[in-house]
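The structure's right below; bear with me while I get my questions together.
By written order: A, B and C. Residues from 1 in each chain.
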Amino acid sequence: MREVAIIGVGQTKFGELWDQNLRDIFAEAALKAMEDAKIDKIDSIYVGAMSGGLYNHQEHLASLMADYIGQSGAAGARVEAACSSGGQAARIGYMEVASGLSDFVLVGGVEKMWDTDDSTFVLATAADQEYEAYNGVTFPGLYAMMAQVYMQRYGLTREELAAVPIKNHKHGKNNPYAQYPFEIDLKAVLNSAPVADPLRLLDCSPITDGAAAIILAPLEIARKFTDKPVKIRGIGAATGPIALHDHKDLAKIDSVRISAEKAYKFANVSPSDIDFAEVHDCFSIAEIIVAEELGFFDYGTAGKAIAEGQATYGGKLVINPSGGLKSKGHPVGATGVAQLIEATLQLQGRAGKRQIENARLGLTQNMGGSGGSSVVHILEAI
Amino acid sequence: MVGIVGYGSYLPRYRIKTSTIAEQWGDNADSIENGLMLTEKTVPGRDEDTVTISVAAAKNALARAGIDPKLIGAVYIGSESHPYAVKPSGTILIDALGIGPEVHVADFEFACKAGSEAMFVAYSHVKSGNMDYAMGIGADTSQGAPGDALEYSAAAGGSAFIFGKENVIADVIATYSYTSDTADFWRRDLQMYPRHGGRFTGEPAYFKHVLNAAQVTMEKANMKAQDFKYAIFHMPNGRFPLKAGKTLGFTDAQMKDGWIVNLMGNTYSGSSITGFSSVLDILKPGERVLLVSFGSGAGSDGFVFEATDQITKVQDKAPKLRDMLENNRIYLSYGQYVAYRKKILFND
Amino acid sequence: MANSQRYTREIPHRFRFEGQKFRDGYVTLANRYISPESGSKEFESINISKKGKILSYTIIRTPANDYKLLSPYAVAIIETSDGARLTAMVTDSKFEDIKIGADVELVFRKIKEEGHSGIINYGYKAVIIL
C-alpha cells in the first residue's frame, strides 16, 4: 500500500447560498482544491452527499460534478453514509490512491439543504424510518434523548452543556468560511428556543448550504505539488445500529469508539498524541460523548472538562478549532471533507487566527445519524 | 341462550365544559346546562378517531370475553365518523386485534343508531347459527358545527359487544326495530357538519321512534317498566331520554346509572350502548335492562337483556365506564378544542 | 409518495407487535435474521408486551411537517417488560409525568395522516401509567 497525502483543499463559504445551485457550490470548492494542488486533471472523483435526491431531486452527482469541473471521463461515484458521507468518501479515495489504482483523486462533499422546506424530514431519513422516524422522532430528538441519560447519570448541568456551543462559536469567529462567525454567550444559549428538551436552538448545528473538496495523491510525489503535504496517517471506520433504541448504552456511541480504536491502531498513536481534533458536534451533547469515545476524556468527564476550558486553546487539546458544525455550519455531506480541510490547514500552518501552535497530529471524526456510522482520520504534518 | 359474552368501552381523556363553549358564543351557560342537562363532553385526542376508539373498546370486550380473537366470525362497526369515506374501519380493527382473516366485516352508518344496529346484526348471526361469536361496535368522533346547539353535545367514545352462546353474561330476551323515513337530521357527502330540523328532531323523530320501539320491545318480552332494573334510551341531550323514560313509566332510579350524557355528551353511535355498558358494569345476575337506541333518519332498535350468573366474573376484567368518565380528565380551552377537532383551516 | 404498500407490509409489527425472541434471549420488534447479541439464528415468533418503562425521552418542539399539528409532543425510548427496545410517541400524558423509569402502556393510535387524501397511519403510542 502506498502512503497517501492531501495536496490541495478548497471550500465554499458555508451558509444560506441562495444564488448558487448544487453544482455551482460543488464546482467552486472542487476547482479551488485543484488550483490549490496545482493540478488540472484527476483520475477519479468521489462525492459525499447525504441526500441530493430529497434535498434537490438530483442524484448521479459524481458524473454531474465531474462534467461541470471539466473532468468528464474520470471515474466517479457518490458516497452516502448520512452525515458521515464526506468522511466516508475520503476513506474510499484514500483506498484508491493507496492501492495504486489512481494517483489523483478528488474527494468532495456537498449539500444544498436550503432547497427544501422540510429539512427535519430529510435528516430523519438517517434514522430508522420504520421504527424511529415513523413515530415522530427527529434528529435533535435523538440526541436530546442521549443528553437526558448522560445528564442524569453524570450530573452534567444545562449550563455545562452550553459550554460546547459557546466554545465552538469562539473558535468559529475566526473562520472566514463559517456560517455563524460570531460569539454567543450563556444567556443566549439558555434563552434560545427549545427544540427537543433539553436541547435548545443554540445546541444544534444549523441547516447549511456548502461544499468542500480535497485532492489526494501518493505521498511519494506530493512534494511536486505542495511544500507542505499532509499525510493521512491512519483511518478507522465503523458502523453501529441506526436506531438509537438499539444502542446498548444510550449515553455512548460504540461506532465512534470502534472507529477511533481502528484509526489509532492504524496510525500507531494514542489519544494523548493528538494535538487537536475536528469532531462531529452536530449537537452539543454529541461533542461531549464523542470526546469520550475518542479517548480524550474518561466517560462522564468530557462535559465538565470542556466547560473548564480543556478543549480550547491552552487546554488539553483544541477540539473544533474551525468552529465545528455548530458555528462553521453543517452541510451534511460536506462536513467530513470540511473537517479534513481544517485539519490540513492547521497542519500546514495556514489556519490564520485559528492557528494552533506546533500542531503536528490532528484527528477528524465524522458521524452518521445517531451513531450508525463513524469515520476517523488521523492526519500528520510532514 | 344467545347473548353478550364480553363488552367494553372507551372514552378519550379530553373534555370541554359546556360553560367554555357557551362563553365562546356569548350563550348563557346556566340556561344551556339546565336546558340540555349537559355539563361537559368528551373530545377525542389529536391521535384518536373512530378506529382507535373502536380498537380500545373491542380490546376491553375481548378481555372480558376471554376468547381467542380468531373465533370471532363477524365484526361490524357503526359510526357516522368513519375516518375513510372508502376503506373500512373494521379491517383496521381486525388486524390490530388479531381477528380474522376468516371474518365478515362491514361498516355501518345510521346516524346515532349505527352501534345498536351493529349489535343487532352480530346477535342475529349467532342466533341463526352462522357463527359462534360476532362483535358489534358503535363509536364516533362526532362533529357539531361551531355555534350550533350540537356543539354542546357532539362527543367521542364507543363500546363493543361480543355475542355468543357459551358463558353468556347477559341473555338477549327480545329485540325489535322501528324505522321510517324522517328527515330530522342529516349530513351530505363531503360536508363537515350535520344539519338538523331543530324542534322537528323531538316529537316526530326521537320520541315517536323511541317510544314505539320501547313499547313493542317490552310487549315482545312480556314485560312492563317495573320488570326492569335499568333502562337506557339514546341520549342526544340530557332531557330527551329522561322524558321518554318517564312517559313509558320508568323512574329516575331505573335511568340514572345509564344516563351518562351529562358528563359524556352524545357519542352518537356510541351513546345509548355506552350507557348500557356502564349498567353492565354494575348489573347483578337476574337483573334486566331495556336498551333503546335512536338514529336520525330515523329509527330505533330495542333490546331486552337479562344478566346471568356469569356477569360478575367479567366485570372487573377491563376498565369500567364510570372510571373512564370521571377520572383522568384533561380539560381543553375552546382554542385547543377547535384545533383538536380541526375546525380551523390548516395548511397542507 | 405512494406509501400504502409499505404501510400495509408493516402491519404485523405496528398493529400486533409481532416480534422475535432469539435463543440467546434477545427480543426484537423489527424483523431480524441474526441476534446482534450472540449471532444466534434461532428464534421464536412472539407478541411483544405492551407494557414497559421509559429509558429516555424528549419533548419534540420542531417536528417534521407530517407531525406539525401534534407539536409539542413527547417521544420516548421504551424497554418493554419482555426486553424489546422501541421508540414511541407519548400521548395523553402530562409532560411533567414523563420521566426516565416511568411505567408506560402502549395503546393503538393514529400516528399521522398522509395529507388530506393519503392513507391514515396507525400504530402504538405510550401512555404513562401513574
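The rule is simple: a residue touches a chain if its C-beta (ideal position, glycine included) is under 8 Å from a C-beta of that chain, and two chains touch if they have at least 3 such contacts.
Because the structure is predicted, anything quoted here is derived from the model rather than measured.
Participant: Mapping chain-to-chain touches, which pattern fits: line, ring, star, complete or other?
Facilitator: Here the contact pattern is a line, an open path with two ends.
Participant: Indicate, using Cα centroids, the chain positioned nearest the centre of all protein chains shown.
Facilitator: Looking at where each chain's C-alpha mean falls, the closest to the middle is C.
Participant: Go ahead and note the Å separation of the Cα centroids belonging to chain A and chain C.
Facilitator: Chain centres of chain A and chain C, defined by C-alpha means, are spaced 31 Å apart.
Participant: How big is the gap, in whole Å, between where the Cα atoms of chain A centre and where those of chain B centre?
Facilitator: One centre to the other, that is 59 Å.
Participant: Residues of chain B touching 2+ other chains?
Facilitator: Touching at least two other chains: none.
Participant: By residue number and range, which residues of chain C touch two or more other chains?
Facilitator: 70, 89, 111, 125 - these are the residues of chain C that touch more than one other chain.
Participant: Contact residues on chain C for chain A in the complex?
Facilitator: 10, 13-14, 29-30, 36, 55-67, 70, 73, 75-78, 85-89, 100, 111-112, 121, 123, 125
Participant: Any idea which chain C residues touch chain B in the complex?
Facilitator: Result: residues 11, 15-16, 69-70, 89, 91-92, 107-111, 115-116, 120, 122, 125 of chain C touch chain B.
Participant: Using the touch definition from the top, list the residues of chain A that touch chain C in their complex.
Facilitator: Result: residues 117-118, 120-121, 124, 128, 130-138, 140-141, 144-146, 148-149, 152, 193-199, 241, 243-246, 250 of chain A touch chain C.
Participant: Where on chain B does chain C make contact in their complex?
Facilitator: That would be residues 13, 45-49, 51-52, 55-56, 59, 83-84, 92, 95-96, 98, 330, 339, 346, 348 of chain B.
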